[in-house]
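So that you can tell them apart, the chains are marked A, B, C, D and E in the order they are listed, and the count of residues begins at 1 in each.
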Amino acid sequence: MSDTVLSVRNVETFYGAIMALRGVSIDVNRGEIVTILGANGAGKTTLMKTICGLMDPEKGTISFLGKEISRQEPDKIVRQGISLIPEGREVFPYLTIEENLKLGAYTRKDDASDDLEMVYSYFPILKERRKQASGFLSGGQQQMLAIGRGLMAKPELMLLDEPSLGLSPLLTQEIFGIIRRLNAEQKVTMLIVEQNAHIALATAHKGYVLEMGRIVMAGDADDLANSADIQEFYLGKTEENERGQKRWKRRKTWR
Amino acid sequence: MRIAFKTSYDTDIDFHEHWNNRFWIIALVVVMALLPFIVSEYYLAEVANTLIFSLAGMGLMLLVGHTGQVSLGHAAFLAIGAYTDAALMNAGWPFLIAFPVAGLAAGLFGALIAIPAVRLSGIYLAIATLAVFVIVEEIIILAEPITGGVGGLFAPTIEIFGLSFDRYANLSNFYWLCLVIVVLVTLGYSNLMRSSTGRSFLAVRDSEVSARALGIDVTRTRALAFGLSCAVTGLAGALMGHFIGFFNYELFSIFISINLLLVVTIGGLGFIQGAFLGAILITAMPQIIAILRDGLNATAGIDLGSIPGLDTIIFSLILITFIIYEPAGLYGRWLKMRVWWEIFPLARRDMFRRQKSYLKTERQK
Amino acid sequence: MELLQLLFGGIANGCIYGLVALGFVLIYKASEGVNFAQGDMMMLGAFIALGLGNSDQLGLPFGLAVILAMVLMGGVGWGIERVVVRQIFGQPQFALVILTIALGFVLRFVAGSIWGYTPLVLETPFTGKNLQLGGIVLGVADLVTILVTAVLTIGLWAFFAFTRVGLAAQAASQNQMAAYIVGVPVMRVNGLIWGLSGAVATVAGVMYASKGAIDPNIGLLGIKAFAAAVIGGMGSLPGALLGGLLIGVVEPIAGRYAPGEFAAMAPYIIMLVVLVTKPSGLFSQMQAKKV
Amino acid sequence: MSLLKAEDIAVHFGGVKAVDGVSFEVDEGEVFAIIGPNGAGKSTIFNLISRIYTMTRGKITFDGTDITRLPSHKVAPLGIARTFQNIELFDHSTVLQNLLMGRHTHRSTNFVEDILFLPKVRREEREHRKRVEEVIEFLELEAYRGKMIAGLPYGVRKVVEIGRALAMGPKLILLDEPASGLSVEESQEVAFWIEDMRRDMGLTVLMVEHDMKLVSAVADRVLAVNNGRPLALGTPAEVQSDPHVQAAYLGTPEEDAA
Amino acid sequence: DTPGVSDDEIKIGGAHDLSGIFAPFSVPAVQAAQMYFDEVNANGGVHGRKISYIVEDHGYQVPKAVQAGNKLINRDGVFAMLLNLGTPHNIALFQLMGPKGVPNVNPLTAARQMVDPPAPWKFAGTASYYDAVKETAKHMVENEGTKKFCNMILPTDFGKEIEGAVIDASADLGMEVGPTISHKPDETDFTGALGKVKSAGCDTVGMALGIGQIINAVATARKLGMDTKFVLSSAGFHTVVAKGLAAQGVTDGVFAGAGWQDIEVRIADTPELAEWVQKWNAATGDALPGTGALLGHSGAELLVAALEAAGPDLTRENFIAAMEGLNYADPIMGNTVSMSADDHVAAKEIFVSKIENGSWQLIATIE
């Protein structure tokens, strides 16, 4: 089944006078993992925030499960089954780890204790520290907590904004393992923004490339992984950048 | 849109990139200087009052807007300035010496307070300064021989080189005196903000850890800011004393502290210009409301004056509306308007619509 | 014996500061904002109770009048959040301070327009009633104050510690964006808390009114109560109570034993001492930022 | 010769032994990396060096000075600059101002001179500005010079923070995860910068990083830590092939997963 | 031509506290004055001129009071000031008014400085706090058996006047005085202060506190079993004090010295008073007008009387002369207005009253 879970149409979002999204359209189908690649400042975070209502688009529509959701309060959108793992962790520093996780299940009516155990099994350190304030966790531990909190919501659609930020290589692999597993076993649809394009493209079914607030490329993850531009700018596969050699400034030129 | 071609670092170091900005500032000062020949006593006294509030506002702005420390007790430093100045002049000191010494006294007292208080921040500092304020108030009452106790005292007349600068007898002279002082302080303040001391204030405001990591002594910096802030406020206090002419401790009430906070926030936190705009709003708005009210009564026969306290409510409602629509303050609004003009035909209508924003805890330093 | 008497009076009085302080803490816990109109909400609460209960006004039975007043003030608090506070959501806390200072003027004006500026006396069943207990006199009003404060503090504490909404409110104060993305209806929770603080303010107002007369300016007490909340470690409910009690107890004892003007300074000196030794209050709510 | 020397340093927070007996030496002109799982204590080591935390035991010497008990603002003047894992910039100032703030240790004027803006102050301002422009050029921040930090994308902020540290003109620079949140291309650039810092500016670099590509590309030596204790020390290749490090930290190399 | 006077209008100014801590005085005073002027204006005004009373709010802040004065005097050009509230505020304004000779009629403060040092344009409505309390204190010693006074005051000039009066009265009578305890306006617990009073052996307390505080403090004293007597000034001479104390079960031992008589007990046999109370009630809903209203009304009445007497050619000089020639009985205040060139206090009687069963009863009148 390939019905559309999320459909973003011609969205334009501004920060005051600055136009961060210049008419973005993407589709995410049920059961898919979709990744968005893009350099710094391309607007990836802005897109994620716009989808879940943390920012209001000035133009365009966003529909989730066929219902228009743009310009609603974020908590309403979340309640309909979207969960965001935000860039930069955003934990509740004075609450304990367990309270943080429990808040992840705030919108759920059913019992979430199984999922709590599941999160603890993914990240044993969180269990060890569950009665401590989360503000003192290391950067990576907070990232685990943020991911765990997102998982607790058991959403229909998960938005992950740079989930691997600050995680060790081992954990990065584990996280993507979890993502694949959730997708395969529980059919959670995923939209992932990731700087680590290797692993993102390896995990995703489909990908978009966002540059300067515009989608400049879209396609199957495999096709993208094989495209020359992607290889050069996102996978770092150009060999002339050897150590000691004079480097050339070759910046992306899609405008 | 104007473009400045920068040919040396001095272009950035100087106050203004453009000659015409400089022109406007000079023009403003000239007009201000000529004001006594243009307007009546009523307006002149109001402008003098506004200048004094701007001065006090600059004092608080340095602390709240530029160093991120909040004081609910700045009325105390106004008082220290006013009483020191009056006491010294009563002891025979000339104004030209008593006045700076009054500022210095307020500044030193402020720095003294700051040393134990620098560990405090946010509302904790606000309450500590409130406590200091109450204690200063009591000390003023107790120090009757100097302060006149609760009865208060008359400010001595200012005389400089045989010329009288008395507020009631020679308002124009007094006004010019205020103007000169305000101009000088503004210059000094702007200089401070374009040099490393000013930058260290901003650093301490935005991130203490980073400031430390850059070698900034946070404790010293905050104490210095507190001291400077109090000194400027003290100068304003001395002028206020002369302006009002008679005062007791009730002049320096908590409401004055609150008014000063209104000045800096409504004006625009973090901008020297904000202190002026805020002072203008706070001192002129009630007068404008009153004048409009009188006008309404005279022309349309609608007598709002018969509802006691309505002026204050209208003023409060304006404040509320204002803070809702422009939390960045008057100067923030001005900056936006300027941008809008500069790119005029290209400006979007809702260019300045606020994007949603979210706060995070400020309990972490 | 005299000391005991002073202590008792001080505790009862401190409870009133504590009650108002609770209102400050409530709002702080939910949004880290400071509501400078808290004292004025207390004032309005007292007037509404008076308007409903006094025999020359609506004349409802006291208990009913108080409960209705709490409900009404809950509505006022909720409405204030809904109509004005919400508009500056996400803006620096300073905006709220200015906003609530101005709101305080509005509330005073409203009370003044309805009930006039002449002080009025609230009729309560316990006004002027006293109990003798081994040489010390216990005012029934004082006893009620202490009891009500204890119950409210514990109740509110439990609300934050054990309920889902209480947790959500705290989350919202620490990180509004994160609270939203876990699905907390931040605005609604805020409205609820403002309503709650209106109700708590009413209780404080009624207890305050039982000791004298009220006029639209009694909200001035809010400043001292705010100080109490802060030295308690703004954000901690027991801290607020403790801060209130500290000030409440110091006042009469200093009034009795300290010389002259020093007595009036005493609570503020204590505040300074507390803050200098514990820069973030008795029940500290500050953390060093983890970098 | 060693510029920075940590001897058996440890810090405990209640029951958490964040760092528990780590010793290492960073030689002058070296690029030294610290790696380890999340929560291993890497950032804490940085915080001990910059005296944000006070150590439970141990000793740190920098350039012959014992800095174990130094107040935190006295560390920078010795020539130690740092960046933060979670970016600690002055959000309400421009990029230029942020970089100028990095020049604080080089000021020689006092506040009275600043208020009067004596010619001396102007001269010094020009000098600061010149230095900062060099940094701006080096990190290619020209386009952002007058922008407020608050509106910059994550990656640019990371670079500005590096710039602020460089503006100080330090001997030793501590970089906490300089490449996290950066794209492959951008982290390659960071690699070049680190290279240049060492070669052209004569800086010693101590960094924490999870991007093993970057570490292998620039580091001379690598210290792996786990649970606050040292795990392995050696060249990047040596440490990466250490089975303990692989088990606790690296897992199966990324390329395989791709 | 005279400032503020035109063919059909006389502008009168008032710097008031309509939003601050003394709003309980200013607001009713302004309402009462306005009510009186409305009546006068409806009846054709004074010599064909309508009175317009321009009121500015200073919120008990001195700088705002100065702004208000500046507007009223320099912009509006008022003829005279009426009922300006607050001691420091009045004194600050004197500096604007003095050089121009703007008459200051019945300021809402009974500080001695209102007529001392004297000036042609300064007038006061009633006996000062000082005189009233001093005479009352003497009365207490002579008739109520007071042996020793203490003071409980707000540290304002008002408080100091009361303290000074009590101390001077004691000195005149050769008595020792107990300590003065000062209180903040937001203080709500008086147990400690009363303990001090008790241990100092005072049987009477001179009290200068806010209304709520007075009720609270007196009730606390009774609760603690003290039979201390209390002497209040005109600022505490308020019907609500009697009512509030009655609610707290306190029915005796409270005295006040003021320049007028309490209205409650006189309504029945003073028709003018009854009429006015009824009007007030209709206009505001208050059962009884308070002190502010009383002062506001009498001030307005006095001003109008003087304007009438000054004749159609109104100048400040002939207004001042008219003021100095006033002599009439004010049934509402229950006192007599009479001034002369060297006496600018309108009503000089001092009425000593006592709370009995929830009402103020007049017990002595001192000239």
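Here, contacts are C-beta pairs under 8 Å (C-beta built on N, C-alpha and C of every residue); 3 or more make two chains touch, one makes a residue touch a chain.
Here is each chain with its UniProt name: A, D = ABC transporter ATP-binding protein; B, C = Branched-chain amino acid ABC transporter permease.
Here the structure is a predicted model, which is why all the values come from computation and not from measurement.
Shared contact partners of chain B and chain E, listed by label, are C. Between C-D and B-D, more C-beta contact pairs are found at B-D.
Centroids built from CA atoms put chain D at 28 Å from chain A. Between chain A and chain E the centroid-to-centroid distance comes to 72 Å (mean Cα coordinates, whole Å).
Rounded to a whole number, the gap between the C-alpha centres of chain A and chain C is 43 angstrom. Taking each chain's centre as the mean of its C-alpha atoms, chain B lies 32 Å from chain C. Within chain E, contacts with two or more other chains are made by residues 19-20, 23, 26-27, 155, 182, 184. Chain B has residues 134, 138, 141, 209, 308-309, 312-313, 356, 358, 361, 363-364 in contact with two or more other chains. In chain C, the residues that touch at least two other chains are 105, 108-109, 112, 174-175, 177, 180, 223, 260-261, 264, 285, 287-289, 291. Pairs of chains meeting the touch criterion: A-B, A-C, A-D, B-C, B-D, B-E, C-D, C-E. On the chain D side of its complex with chain C, the touching residues are 43, 47, 52, 84-86, 88.
Within the complex, the chain C residues that touch chain B are 31-32, 34, 84, 87-88, 90-95, 97-99, 101-103, 105-106, 108-109, 112-113, 173-177, 180, 223, 226-227, 230-231, 234-235, 260-262, 264-265, 268-269, 271-272, 275-276, 279-281, 285-289, 291.
Touching chain B in their complex are the following residues of chain A: 14-17, 54-56, 58, 93-94, 135. Taken in their complex, chain D has these residues touching chain B: 50, 52, 71-77, 81-82, 84, 88-93, 96-97, 100-105, 107, 109-111, 114-117, 121-122, 124-126, 128-130, 133, 164, 168. By the touch criterion stated above, chain B contacts chain A in their complex at residues 339, 348, 350-356, 358, 361, 363-364.
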